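These are the structures, in structure tokens.
Two complexes are shown next, each including subunit A; its partner changes from subunit B in the first to subunit C in the second.
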Partner chain A sequence: MFLVPVFFGITLLVFSIERLAGDPVQLYTALNPHINEAQRQLLRQSLHLDQPIHIQYLSWLSDLLSLNLGFSYSGGSVAVLISQRLWATLELQLIGLTLSLIIAIPIGILSARKRYSVLDVTITSSSLVGTSIPIFFLGVAAILIFGYNLHWFPSGGFQSSDPSRYLYHNLLLDQAWHLFLPATVYTFAILAPVVLLVRSSMLEVLRQDYILAGRASGLSERSVMYKHGLRNALIPIVTYVGLYFGGLLAGAPVTETVFNWPGVGKLFVDYTTQLDFPVIQAVVVIITLMTLVANLVTDVTYAYIDPRIRLE
Partner chain B sequence: MPWILGSGSSEVSALPDPLLHVQNLRTYFFTYAGIVKAVDDISLDVSKGETLGVVGESGSGKTVTAQSILRIVPSPGKIVDGTIEFEGKSLMKLREKDMQRIRGKDIAYVPQDPTSTLDPVYRVGEQLSEVIMRHHVISRKDALAKATDLLRSVEIPDPEIRISQYPHELSGGTKQRIAIARALAGDPVLIIADEPTTALDVTIQAQILDLLKELKNRLNVAMILITHDMGIVADVCDRVTVLYAGQVCESGTVEQVFEKPKHPYTQALLTSVPNLALRKEKLSVIPGNVPNLIEPPSGCRFNPRCPYAQQICIDKVPELEPIGEGRSVHCHRWKELDLKSPVAS
Partner chain C sequence: MTSDRKMAQTTLEQRPAGGHRVSQWALAWRRLKKNKVAIAGLGIVGIFIVMAAFDRLVALYPPKCILGVSPACQLDGRLHSNSPPGLAYPLGTDITGYDVYSEIVYGTRAAFLIGVGATGLTMLIAVVIGLAAGYFGGWMDNLLMRLTEVFLVIPFFLLLLVFLQVTIKLAPANTGSIWLVVFVIGAFSWPGAARIIRGEVLRVREFEFIAASRQIGASSYRILFRHLFPNVLHIIIVLATLQIAASILTEAAVSFLGFGAPGSNTWGQQMYNSANYVEQAWWGTLFPAVFVTLMVMGFNLLGNGLRDALDPRLRE
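Moving on to the complex of A and B:
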């Protein structure tokens, strides 16, 4: 139940910090020589920016609690803006996360089983390199090679803008074609740290006597590795995935900007440069909620995985 | 029985009803620091229904020998040489799939540490029935019933309750009993128990030893009991093989070895057993340390710590020599030494 104070604390923090960032009215009107101070004041009034800051906060909060995210300064409902883009973000992130787990777990287990072998050293060192490459670099490099030079994939976007240019004239295929490059880059970026995590966690577990006992009881190698090994090695992996999922939207701005992907991250970047407070606030609230929910799910998963964590 | 004919080096005399025959086994660990020769020419035999004690200090190769027999030596360890014959067939040549059918069914293993011998995330019943179902064609329900019977056979009270408990809810002694029950799940003919009592306190130790003795008599199962405790050997075993630094010092029946040790290391081991009857002021210790197994001492590996060592012991590796009555000794000077047993009556 500590989630509730954490949530309110974060909203307060975000609200006050963004007000320090600047005055959106100045920003909008700076290039217009015909506007005067009285008109600016009117604009502030219409955006409710003339009220004392605690009143602004409380009225925003009460709107929020009645699930009203308000309207963007540039017009349009914030809720609609976000919901239009949330799917694109989730699609990219979930595919990247799922694929990387599916690939990383067997590789990490293999590496742990063959500890110190040439295979293990190769996997470990390439994972270290992979962990050290920032995702925006990987993204730009991939666009340069596969998009710009080879023309295998589009260099950005969610789908072709003109229906006549859809891949094989099929919208779904076209979207998959656009998805391929960002999803691959994402998968690789998450893959490397997960491989290292699975490996070190499995090494710890494989030293235990129950692994030896499982083998000595004639269980198949697969049963020993996955049923007994992986299940016990899962706690740190779940922690990582939980943290990652919480930070999912927070990490999205970089990739989505690189790939011009119309997700929430791109929305966040665009509207931050415009100081559009209602949109920024709403995105941060959603990030906070996702983080809190991810933490909760992680805790519940712990208890499911390990009976020692369950409460009596 | 081809080993009777002798194929060269260290030949152990044949026993009646051989069950397991290990000869010239070498298992090395290939680490960054160098090759650790954990087991370097170990031979031992177990006949049907017999209990063999394998004794030695930490690092003498007891556990690695056991793991080599089952071919479950953890990486980076590898069996590099030797023969392992079980019921007349070579285990070294079996494919991994066929080896899995022997593990837990014909040869069972009880690991050292009862605190981690059971997987913490599954119920006791699940872990036992998993092994039962692996080796018998049986439904999950019947496997659980058999698991309950197994718990009863190792004298665990309230087996119906234990079956649905998790390992962290159980005591060390109960966990060790469950590990023994799991070893019985495939109706084995040979059980390898790796220091089954070391991690337990003294009263529980005695109970576990009684249980092992009782099972051995009731099921007529052969056993390899790995221990560092000569007292346990005297209590439970029929024959004993003494290991030092990955090699055999001597083997023989418990009576022979305790009455008349032939190897200086065995004598030293017997001297260091606390003996109330003798009422010595101090416990005797064997001077020196277990040698580094990456670069073991030349010649006889015990020579740096042996009070009887001479030049030949440094120059030449002794043979494991059969000396009649089923005994064998791995010492250049056993004939001339005529060692006294500190525990002989």
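Moving on to the complex of A and C:
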């Protein structure tokens, strides 16, 4: 139940950053040289800026809670802006996360099973190296090699701008073609930490007596590993995925910028450059809400995975 | 006199058979030496320290030297802009005509400054909050941990971008300084570390020697700094090493997106300056990224090795 104060703390923080940045009316009208003082005053009134600061905060908060995200300084409804970009982000993130889990879990289990073998040392050290490779390095290198040099994949974007240039004249194929490079780079970028996590979590579980008991009673290796081992090793992995889901919408701003991917992360970067606060605040608050919900879901999942937690 | 000798004798007898006393740091160093991966990390960090300390000797040209234009690097007298790697410039030149290799060497100091500076601030906050929450418990623990949760939930990277952009708008004169970036990274990175330190304090607090020292009237101050702090120091060292890597990575990403300090010469800033020409002159963007990767890797490998070497539960 601490979720509520945490949420309000964050809205307060986000709100005060905007006020620290100076007069919103100045930012709002920065691009318009013809505006006069009377019009500014009118704007100030319509934005409730003539009222005391705590009233401003409360009116902003009540707008937010009634899902009224307001309008961007450069025009356009914030809700529409975000929803237009949402799909691109979700697509990239969900594919990246799913693929990395599918690849990382068997590798991590293998590494834990053959602990201290050459294979294990190779996997662990390359994962350690992998955690250090920044996504901008992988992304730029991939674009240079497979985009500019080999021309196998487009260097960025969500789809071809001109319908006549769609891959095989098919929109879906064209989108998949554009998705391939960012999704691959993204998967690799988030793969290594999951491998290390699965390995250490499995090592912990494989030491337990019930694994020995399972083996002694003649269960197949597969059954011991996946049914008894993995299930008990899942808690830290679920925590990781939960934390990850919360930050999902933040998209990786870096990945999306490198690949010119029209997602929420890129939206945020572009609008932050303009200090367009309605967009900034909406994105931050939505992400925070998602994180809090993801935390709740994670807790519920714990209880599902581990009956001991359910009983407490 | 006799009692002295007797005492000396008993202490001698209490020492472990067949050895002189070895400090825990020496033991940790022995374990670390056996870990090849960690030693590789230490080696990488060492090379970077040498690069930062003797940057003028390691670099080929003075800082900000426009090849073919500046008096100190005339070459053949023709501007070398976006030239591919060659004999005079092993990693090529950027759009302005700077030698990419030399500028990377000069960026090493900035990387250490960011890594160590931001980590210093992070660890200071994390240690104070972790010790206070773990030791005092009760409402103090409750309050500090809720605060930590707020900081843990906020999308740190996004707020970092907003903060930096706001300061660029508010005080354009100060944006040449990377200290602001360092400060903001440091001020937001502490929650994870604070939680881990608190957990460790909770564990150590239950040991008998803490109860014993409280029994003989030690003050809270003494227990906190003479007993608890040294016993959680190993965790702090590991967290700090990994945090250095994370801070360098964060600064590089922030600068790469164009939110860094425009006047600074960090690797991220170099990448940003060359990013528009990546198609014609990939070396300007890719090589600084390689060095970011190498340094981050060095600290990560070292940090992981230290985690194994310093863990008191693994002590022989």
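Everything that follows uses one rule, which is that the second predicted complex is superposed on the first by the 274 of 312 C-alpha atoms of A that agree within 3 Å, B and C clash if a C-alpha of one lies under 4 Å from a C-alpha of the other, contacts with A are read in each partner's own complex, and residues count from 1 in each chain.
In this text, contacts are C-beta pairs under 8 Å (C-beta built on N, C-alpha and C of every residue); 3 or more make two chains touch, one makes a residue touch a chain.
Predicted model, so just to flag it, every value in this text is computed and none were measured.
A.B. asks: Clash or fit: what happens to subunit B and subunit C when subunit A is overlaid?
C.D. replies: Fit.
A.B. asks: Applying the document's definition of touch, where does A:287 land relative to subunit B and subunit C: first, second, both, or neither?
C.D. replies: So A:287 only meets subunit C here.
A.B. asks: In the three-chain superposition, say which chain, subunit B or subunit C, touches more residues of subunit A.
C.D. replies: C
A.B. asks: Tell me the contact category for A:268 with respect to subunit B and subunit C: first, second, both or neither.
C.D. replies: second
A.B. asks: Return first, second, both or neither, reflecting whether A:231 touches subunit B, subunit C, both chains, or no partner chain.
C.D. replies: It touches subunit B, and subunit C stays clear.
A.B. asks: Using the superposition on chain A described above, determine whether A:87 touches subunit B (first), subunit C (second), both, or neither.
C.D. replies: Touch status of A:87: no partner.
A.B. asks: In the superposed arrangement, does A:308 touch subunit B (first), subunit C (second), both or neither?
C.D. replies: first
A.B. asks: Is A:144 touching the first partner subunit B, the second partner subunit C, both, or neither of them?
C.D. replies: After superposing on A, A:144 lies in contact with subunit C but is clear of subunit B.
A.B. asks: Minimum Cα separation, subunit B versus subunit C, post-superposition (Å)?
C.D. replies: 10
A.B. asks: Provide the residue numbers of subunit B that touch subunit A in the complex, in ascending order.
C.D. replies: Subunit B residues touching subunit A: 30-32, 67, 70, 72, 74-76, 96, 100-105, 108-109, 111-113, 116-122, 130-131, 134-135, 166, 168, 179, 182, 185-186.
A.B. asks: Give the list of subunit C residues in touch with subunit A in this complex.
C.D. replies: 37, 146, 149-150, 153-155, 157-159, 161-163, 165-166, 169-170, 245, 249, 252-253, 256-259, 271, 278-279, 282, 285-286, 289-290, 292-293, 296-297, 300-301, 304
A.B. asks: Would you tell me which residues of subunit A are touching subunit C in their complex?
C.D. replies: Checking each residue of subunit A against subunit C gives 2, 5-6, 9-10, 13, 17, 20-22, 125, 128-129, 131-134, 136-137, 140-141, 143-144, 148, 246-247, 250, 253-254, 257, 268-269, 272-273, 275, 280, 283-284, 287-288, 291-292, 295.
A.B. asks: With touch defined as at the start, can you tell me which subunit A residues reach subunit B in the complex?
C.D. replies: Those in contact with subunit B are residues 113-117, 206, 208-210, 212-221, 223, 228, 231-232, 305-308.
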